[in-house]
Amino acid sequence: MKHPSEQSPPPGIRARLHEIIFESNTPAGKAFDVALLWAIVLSVLAVMLESVGPIRARYGPVVRIAEWGFTLLFTLEYVLRLFTVRRPVLYALSFYGLVDLLAILPSYVSLLLPGAHSLLVVRVLRLLRIFRVLKLVNFLGEAEVLLTALRASRPKITVFLGAVLSTVVIMGSVMYMVEGEANGFDSIPRGMYWAIVTMTTVGFGDITPKTVPGQFIASVLMIMGYGVLAVPTGIVSVELAAATRRGGLNPEACPGCGAEGHDVDAVHCKFCGTRL
Amino acid sequence: MKHPSEQSPPPGIRARLHEIIFESNTPAGKAFDVALLWAIVLSVLAVMLESVGPIRARYGPVVRIAEWGFTLLFTLEYVLRLFTVRRPVLYALSFYGLVDLLAILPSYVSLLLPGAHSLLVVRVLRLLRIFRVLKLVNFLGEAEVLLTALRASRPKITVFLGAVLSTVVIMGSVMYMVEGEANGFDSIPRGMYWAIVTMTTVGFGDITPKTVPGQFIASVLMIMGYGVLAVPTGIVSVELAAATRRGGLNPEACPGCGAEGHDVDAVHCKFCGTRL
Amino acid sequence: MKHPSEQSPPPGIRARLHEIIFESNTPAGKAFDVALLWAIVLSVLAVMLESVGPIRARYGPVVRIAEWGFTLLFTLEYVLRLFTVRRPVLYALSFYGLVDLLAILPSYVSLLLPGAHSLLVVRVLRLLRIFRVLKLVNFLGEAEVLLTALRASRPKITVFLGAVLSTVVIMGSVMYMVEGEANGFDSIPRGMYWAIVTMTTVGFGDITPKTVPGQFIASVLMIMGYGVLAVPTGIVSVELAAATRRGGLNPEACPGCGAEGHDVDAVHCKFCGTRL
Amino acid sequence: MKHPSEQSPPPGIRARLHEIIFESNTPAGKAFDVALLWAIVLSVLAVMLESVGPIRARYGPVVRIAEWGFTLLFTLEYVLRLFTVRRPVLYALSFYGLVDLLAILPSYVSLLLPGAHSLLVVRVLRLLRIFRVLKLVNFLGEAEVLLTALRASRPKITVFLGAVLSTVVIMGSVMYMVEGEANGFDSIPRGMYWAIVTMTTVGFGDITPKTVPGQFIASVLMIMGYGVLAVPTGIVSVELAAATRRGGLNPEACPGCGAEGHDVDAVHCKFCGTRL
């Protein structure tokens, strides 16, 4: 999906800036991307560290100054992006445009509403901006095969999740009935939370069956979950194998005997020896 | 498995109603299915919400009225189904007939026996009615491949579960002997519950080994469970690959003997030798 | 592995008894096996129920009488087996001979040593006798493929377990050093127990890292365990696929064109049409 | 990777010692390796046992004497290795050279700094020396296939881990915001620790969501982790299958151009067309 602004860049300095900010073919564009990557990682790190009580107590002012530095930097970048694209409104409403805005908005809002501390966590979404850079420099060719396999698995995994969710609703209700409020299963949604924790083999242990029938039903659910866990793995394995095979075979047929399925590095047909 | 009532519908208005309720080819039938789907989902949601204490306290009357609306709706539907099928007894005793009855019965019973509150949870089984609708509109073609793979895996998974259960009995008894009542292992069934929780890697932590030999035995069981977890996954992967491959078989029947199921690279029928 | 006693049965009534007890071709032999299967399952159930406090308190005498019934039955069977085999000593020292003895010994020992209650749990090993019956009636043809795949996977799984155990030793020591006795990591073996609980994703939560560096190291270990879990699954999948394929392909080459890889039900070569 | 010292051993007694210590072709070299293996295992066991409080209290002096025996033994071995290799500095700075040093250093340091008890745990790294012995005697041919598969999986697994880590950062921040300090999520890093514990299905239960929205978000994360767990398994399965298959390639080189790696069904060389 090409960004609307990338099709015909405006002339002059805007075109130059556009090339630096949105593309990564030129040295300047590449340097910009690398700098942006570091700024993103460091700013997310700052958000994370600021949330730690002792660090906030001791290094609070330092972190806050760094944070404002990043905010001003990202604001400048956002303004430049708006300036250099041809259709700023389209950009501002695109997915990455909104992420760019969310990366700077919380800091300004917290100036106006001093109580909005929890809002600052939203800045962690800056992390999503990394994918923009990676997408531009085409860093992750390998991701393609994975995504192809996952996309091909989606219909089967949807069916599978539907079956899992039905089991969760029914088992959650059964446990609510069997164990009851006294043992922590105080509503059907709570029972469903327990059923998900159990079927996915996470098993926090914050809610556990206490009665004998409850433990028996839990055992059945766990053994079922054991077999069930195998299904998505099987699905993804098969689709990954297919995606790998498709990427790894020569699509051409032999002009001599018409045989297919040659390796990508084959020069001659492996059955009749004709040059491919 | 064809429903007995679908073979030769009765004439007149009953036939028309039958078409709407049991089939989904006509626009009216489709609309009925979609409406039913929504009614099922909303009524299950109502059952779930009613079980939540604070919601019951505040919105109790609203939820109860909605609940009675769904009950009357499903009762009407149940009566219509009985009226439009040719052999009502057969329908009433079929799997979906019983589910349809269970979906409405608890509400009426709770009128007669005011104490039967826990019975109301049974209404969550209405969820199973979703599969009836999905089956009719043939929503889930993908489910076929999954079911084929699971059906083919069944004998192997049964053998596998037998081995797992034997391990559970023996390890549960060993831990009952080693850890004893003081550490929560107060009977062999309790030890088996713990062994299942451990082998399936759920690990609630409600019962854990406290003694050194107990922790050693638990470690062995966990490492074993680690390798064992691989078996059902491998089984399902292999069968899924086979089911997918069979989906890629040559769809043509042999012009000579009519046999199907030839490989895609087959030139001659593998049964009679006729050229395909 | 043929049992030494099965090669040339003694003549007369001993031969007849031998046939009933050790073989399952005759109707009497089959009936004996089915009866034995039920006796084993029921006696294991009795051992399990006797371990439950409330049941022992109320139905103690009944369970104990049933238990002695099973013990006498198995004693009779053991004596008959000794009587009908040609070389009783060899049988008595074989794996199943020892299991047969362990199935009855604890009851007699508990008569002499009244304090040896915990010994009674040993009787749960009677469960192993089920496999003797299943082996004789050849119940589990499917188990062959599974065992072949597991046997083929063994060298790879051994290497894999070696790597896992090394990680467990090193991570357990690191956590002992980092977290220390105050947080439950009171020795290296305890740290190893924690590392196994964590790497296998069981996660009881009886011992958990409390310090920040400890939680960081635990996170690394968990993410590693995540990727590592994939290895045995992959191994078993590949070997199972190989075992299934070997069982499912015609080993013959076509006499006409020499092509291989025909299905087992193929009558004609799928490439040239020659009769196989 | 050949060790620099193995290329041209020095003459005389040094050459003889070098052969014994670094190679394992001669009977003396093999005996040395086996003895070293035992010394390593026993010394690691001693370190482990010394960390257990009651054992240290009772058998402290015995363990300490054994420990010093191993230290002197490994010191002698280290000196001999330095003496017999051609370029001692290169050896001392190599990976195994450093491991050899770390195996003896802590004991000596603890003489000078009596408080450095925790340092002694470092000696558990002696375990790494096992791999040196195994590498020399070429014990683990099977490990090759596993390593090949893992190496081939690395790029895909890296991409996958990147996606997992991004999810961990975002979900950790969300839970910090939703649950807050009162429920144990007292910073974003703590939330990330919880997210890792949950996504890997370890589920210690030391920190668990208490609020309804928190439990809902946790449910979504667990179901996601469920599907996600399938991806590395699929990757490793596919690569293992490929590595195994390559093991099944045509071992013959082309008589025309000498190229290797032809499929088993190849009739002509795929590079130059010569008949194989």
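Residue numbering begins at 1 within each chain, and the chains themselves are lettered A, B, C and D in the order written.
Note that in this section contacts are C-beta pairs under 8 Å (C-beta built on N, C-alpha and C of every residue); 3 or more make two chains touch, one makes a residue touch a chain.
Keep in mind that what you see is a predicted model, and the values were worked out from it rather than measured.
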Chain pair with more C-beta contacts, C-D versus A-D:
A-D
Most distant chain from subunit B, judged by the mean position of its C-alpha atoms:
D
How many angstrom lie between the centres of subunit A and subunit D, each centre taken as the mean Cα position?
29
Could you please state the distance in Å, as a whole number, between where the Cα atoms of subunit C are centred and where those of subunit D are centred?
31
Which subunit C residues reach two or more other chains?
189, 192, 201-205, 229, 233, 235, 237, 241
Complex contact set, residues of subunit A against subunit C:
201-205, 233, 237
Residue ranges of subunit B in contact with subunit A within the complex:
44, 47-48, 51-53, 118, 121, 124-125, 127-128, 130-131, 140, 142-143, 145-146, 149-150, 157, 161, 164, 189-190, 192-193, 196-197, 199-206, 229, 232-233, 235-237, 239-241, 244
Which residues of subunit B touch subunit C once you look at their complex with the stated criterion?
155-156, 158-160, 166, 169-170, 173-174, 176-177, 181, 186-189, 192, 198, 201-205, 208, 212, 215-216, 218-219, 222-223, 225-227, 229-231, 233-235, 237-238, 241-242, 262-263, 265-275
